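Multiple structures are listed underneath, in structure tokens.
Next come two complexes, and both contain subunit A; in the first it sits with subunit B, in the second with subunit C.
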Partner chain A sequence: MADSFTYFLMSWTDLSLLLLTAIGTFAGIYIGAIPGLSVTMAVSILISFTFAWDVNDALALMVGVFCGGVYGGSRTAILLNIPGAPSAVATSFDGYPLAQQGEAGQAIGLSTVMSVIGGLIGVLILASTAPVLSEFALQFAPRDYFLIAVLGLLLVGSLAAESLSRGIFAASLGAVIGLVGMDPVTAEGRFTLGSMQLLGGIHYVVVMIGLFGVAEALFQLHQLNVKPVRQNVEKIIPSLNLVLKFLPLSIRTSIIGVIVGALPGTGGDIASLFAYDHAKRSVKNPSKPFGQGAYEGLVAPESANNAAVGGAFVPMLTLGMPGDAVTAVMLGALVIHGLNPGPMLMVTTPYIFWFMVGALVLANFFLLIFGLMGIKLFSKVVELPKAILVPLILVLCVVGSYSLNNSMNEVYWMLGFGIAGYFLKIFGFQMGPIILGVILGPLMDNSYRQAMSSVGDSMPAFLIELMTNPLSIVLTLAIILLLLSNLPLKRMIRSSKNPS
Partner chain B sequence: MSKQSKLQPGEPAFNLMLLLFSLGIFYEAYRISGPGFESISSPGAFPLGLGIVLILSMVVIIAGQFRKQKPDTQGALDEARQFMSAHFPLPIVIFSTMAIGYLLLLEPLGFVISTLLFLFVSMVYLRHGRFVSSAIIAAVSIAIIYSLFKLLFQVYLP
Partner chain C sequence: MIKKALATLALSAGALTALSPALADYPERNIEGIIQWGAGGATDNVARSLTPHVEDALDTTIVLTNRPGGTGVIGMNSVLTKPANGYTLLYGAENPQLYPVMGLADFTYADMTPINVIGQGLVVIAAPADKDWENLGDLLKDAQANPGTLRMGGTGAGGLPNTVLAMINSVDELDVRNVTFGGDGPGITAMLGGHIDFMPLSLAAAQEHIASGRLKGLAVLTKEPIKQLPEVAPITEALPEIESYLPWGPFWTVAVRKETPDDIVATLADAYEQGVANEQFQQFLTKNGAQSLNLRGEEAKQFLDRWQSVTAWALEKAGSAKVSPEEFGIAKP
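Coming up: the complex of A and B.
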């Protein structure tokens, strides 16, 4: 126990580790916030020049970047309606309307505090319940992963789009894009149209930059002469009353975030959408209507996505299974440093677990300091005239997409997705479901095939398992309820009862 | 996008294109692992399901068109004209052309020169002149971007 505590405090007491965590968190905030730079990309780059470092130094830096990056994505979601990461998609639903109303300072201040609360709750749960949660996740069968992904896509479809059918179309379109390339099992080409180049697939970051960067930049050209909303960033630190008012919601959604984050394959993106949906359903009298700048719509996803960081470390450290894309990269970093993530990690190198827990707590404290300090400067970005901002966004999009593979092909794809996204946006198809579809499509395909293979390719056997396993029953019922709640018939009954 | 009781100019044609695209996806999915698929866990099974979902959701969307009012247009030509003026005003067309030109010049001219040129020309156009301030902003921007990405993050630039 004493040893664990010593390892926990290591990053707090060693000056170089303290500085590296601080630098990582600071850099992470801006990496997450700059369109075209992703945390995954940053951590991947970090691996390339930190593999020769001491493992603690490398992990302190990467943990900082991870925490800062998950939070940083929300800043551009609030200020520019461009989520810096998929986990910030839900933040933009109410964060951007708040910025349009000139309340960006208050929104960012509140999102910072709630991110830190969520982050700390995530780490606390990681430290105290990691073995229990990992055992729970072990019980999940592939069909359950498939059902969770379906539920996630339906949620984002019903939340973000004009109608559920548009949301389902967008999510399915994203899943098709995610499947382009070589089938990982049989090496057959899927949706490659005979092109060798497409066998490698389309990187989801290219799609994300195109849809959120270029399409948004083109849309902003419609408002060239609109004076930017002057952001009220005088009142940055939220009042204690405001924080206490939203604390119960923050705690509830943080717990959702940890649980969803702990499920392998699901990360802050799904956690934040679940949390947003929970807030939408549970908060009867929001500060403003959801989608029009409700603080509750900001608190829920921001608490959940940072709490999911702690959750995502659970399966990575105890099972050797990444919770999301960034933890997948961090898993690689641990392996490069000669560690063995998985059940044996806690036995052979328990100090790594407690060191990472300590570094995560420290990174959250730095997040609070840097998050509340840099808002004034950062908010100036949104006050930049569109005529300056739009060309700069395009350049950042080009740099971001090129750096993925050092190839112009990615840049052309990015532009193509940007133009397609512009058309889709015109006709009411939202970008969020497409991106989640791209990320979850391969996961769903894999889970679906594993589930089918496990029952000998027999659909009746699959249905029997679906209707006899308690977890599968709950997930299936949730999907059915979500579909029924969006049926036109239900809406017609509701509108006939409330003609106003 | 807010809920519309009226169809947008070009919406039926766009939806029809998406339906055709969905049919194309279904056909491509059907071709994976040869025509059809051997089992429900074959590489083409899930993509085929996605194709069906795409088609069904587009059918629902197209069916929903009939509940909406038609746009105030006279013929297909007028509809196309209204669509273009609403969604492709001159700044978007010219900026998009500049962006394509920028991408084409990236490799021959290199990142620094082509980006400087693109930022300067597009800012001068979008800001209706202001040559000096546009040149300064473009130069400062490229210096920041270069030092941030090339020197700090060590990212390869085009």
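Coming up: the complex of A and C.
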């Protein structure tokens, strides 16, 4: 125990580790804020960069970049309606309306504090229950991932603000986009029109940058002469009262974040959408209606996606299995530095676990400091004239999508989705459900086929498994409840009971 | 000062281009290394561990980028479309040798010049520790008593588990439910949760789980026991006829376009030979369940041809090839 504490404090007491964590967090915030410059990419570049370093130094830097990057995605989501990363998509739903009302500073301030609370809850759960949680995550069979994907697709009801039918159309479109590429089972091209480039599929970040970035930039051209909203830069740091008011919601959504993050097949992007949906269902009187600048709509996804960081480390540190794309790359870093990530990691090199936990806590403190710094300056971005802002957004979009794979193909796709997204926007389609479809479509496809081949392609056997496995029963019931709660049936019963 | 330096630089650059290219010293700028698999995977780990040692030997920087997608088709295609001047290298795995028979692309390593065949991964057939089987023979008996009920973890057509299954089926009978996962990692996760019954895996991915006692090895794909898992029987014990396919495993190689000038190929081959031989890298390979090969020139080509012929014909024999290897002139083993 005393040893664990020493390991925990390693990154706190060593000046170079402290500095590296700080630098990593700072850099991560800005990498995360630029759409397309992803944390995964930054960490894989760092592997080559830190090859000759001591493993602790390399890990401290990577942990910082990871924490900062996940948080950074919210910046551009709030200021420009362009999520810096898929896990910040839900943040834009209420963050951008807040910026439009002159409250960009307050929105960033609140999202920073909530990110740190979420992040710390994530680390706390990682430190206290990692082995139990990872055993729990192992219980999820392919059929359960399928049920999660179905549950996720039902979020369309929450995300499609005005028209459910448009939302369903958008989500289906997204699912089809997500399925383009090589069929994972048969290795045949699917919707590839015989093109070799399409065999690799369409990167969902490309879709996101196009739909949110370019489409938004084009849309803003309609308001070239509209005077930008003056930003109120007073009281940027949320008051204790405000934080305490949202704390229960933040804790609930952080738990969602940790669990979804700890499942090896799902990550912060799905977690934040679930969290947003949870906020929408559980908060009866939000500060403003959801979608028009509700603080609750900001608190939920921001707590969840940062809590998912702690969650992602659970399978990584206990089993050597990545919880998401970033931890997959970090596992590679451990291998290259001569460690053996796997179930024996905690036995052979127990210090790594507590060292990581310590570095994560430290990174969250730096996040609070760096996140709250410079908000006044950042909020002014919204006040920039459109003639400067729009070209700037377009440049960022091109850089971001090019750097995904160092190839122009992604740029063309991004522009194509941008233009398509612009027209979809004009006709009142929401972008959120499309991204939902792109993320969940492949998960649903893979897990359904895995589940079916596990039972010898027999539908009755599949249904029996759904009815007999406790985890599957819970998930199936959740789906049924969600469906029923969305049906007008409920209203009909209520109105028949109280004839007024 | 800076202006002057820039002017000298510009002048010398001009002078260099004026000279015949043979006189220019290769490499005179950064080299791009394209990894055909994603970050954090086996190929990526090998590339990132090896490259710093090669950089020392070449005295230049090799900028590594991942271009994953389509079992590596995208990354390989992008190297094939770049100039053949030695400034674009492919860090590839075994997959290109099967592209034509899987109907994925019409190119293979025959369209490139191998600089170095770095090493070959060892393969182990693993199962959850609580299974009754002691070895592959027990599994085969169980599978033959209950055909089509055991769940095998696979990684899709052309992947390692499917190839091993095809090899077994070409000498014996193993009728299973093939459950496809996105790679070794997701497959192991499912196996730890008891959602699949066994899976052929790279030793690198499986060894820590076998060491922890949660998985057990049923057979290793070699003729003799290996030092990393001395207690696991070689596959030839249960299936003696499979010997003709061995040694077999996934491998990693560095290659350039076929049209690259010979002197550049030689410079690169020297540097990579030195890099692979580096003690630190050798330790990395052993630790990760791989055998060092360090092959160049003709030896490398022979290795690639033999691997392709053995694997493609095993797939064909088991009925898993989409196009017969005969159509591409792949010789029978």
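Keep in mind that, in the parts below, the second predicted complex is superposed on the first by the 470 of 500 C-alpha atoms of A that agree within 3 Å, B and C clash if a C-alpha of one lies under 4 Å from a C-alpha of the other, contacts with A are read in each partner's own complex, and residues count from 1 in each chain.
The working rule: a residue touches a chain if its C-beta (ideal position, glycine included) is under 8 Å from a C-beta of that chain, and two chains touch if they have at least 3 such contacts.
What you see is a predicted model, and the numbers here were worked out from it, not measured in a lab.
For the composite obtained by superposing both complexes on subunit A, the positions of subunit B and subunit C are free of clash and fit together. By the touch criterion defined above, A:185 lies against subunit B and subunit C together after alignment on the C-alpha atoms of chain A.
Seen from the CA centre of subunit A, subunit B and subunit C lie at an angle of 90° in the overlaid model, rounded to the nearest 10. Of the two partner chains placed by the overlay, only subunit B lies in contact with A:423; subunit C stays clear of it. After overlaying the two complexes on the shared chain, residue contacts for A:204 are found with neither subunit B nor subunit C. Of the two partner chains, subunit B is the only one that A:222 touches; subunit C does not reach it. Once the two complexes are overlaid on the shared chain, A:26 sits clear of subunit B and of subunit C alike. In the superposition on chain A, A:453 makes contact with both subunit B and subunit C. Of the two partner chains, subunit B is the only one that A:168 touches; subunit C does not reach it. When the shared chain is aligned, subunit B and subunit C each come close enough to touch A:406. Legend: residue contacts after superposition of the two complexes on their common chain; A:445 is shown touching subunit B, with no touch to subunit C. For the pair subunit B and subunit C, the minimum alpha-carbon spacing after aligning on chain A is 8 Å. Residues common to the contacts of subunit A with subunit B and with subunit C across the two structures: 183, 185-186, 188, 406, 449, 453.
Residues of subunit A touching subunit C in their complex: 40-41, 43-44, 47-48, 51-52, 138-142, 181-188, 196-197, 199-201, 264-265, 315, 319-322, 325, 328-332, 335-336, 338, 340-345, 347, 405-407, 446, 449-450, 453-456.
Contact residues of subunit A toward subunit B in the complex are 37, 42, 45, 49, 162-163, 165-166, 168-169, 172-173, 175-176, 179, 183, 185-186, 188-191, 193, 218, 221-222, 224, 385-388, 390-392, 394-396, 398-399, 402-403, 406, 408, 411-412, 415, 419, 423, 425-428, 430, 441, 444-445, 448-449, 452-453, 457, 459. Partner subunit A is touched in their complex by these residues of subunit C: 38-41, 44-45, 48-49, 51-52, 64-71, 73-74, 77-78, 102-105, 148-149, 151, 156-158, 177-182, 185-186, 188-190, 192-193, 195-196, 207-209, 211-212, 214, 283-284, 287-288. Against subunit A, the residues of subunit B that register as touching in their complex are 1, 3-4, 8, 11, 14-15, 18, 25, 28-29, 32-33, 39-41, 43-47, 50-51, 53-54, 57-58, 60-61, 64, 87, 89, 91-92, 95-96, 99-100, 102-103, 106-107, 115, 118-119, 122-123, 126-127, 137, 141, 145, 149, 153-158.
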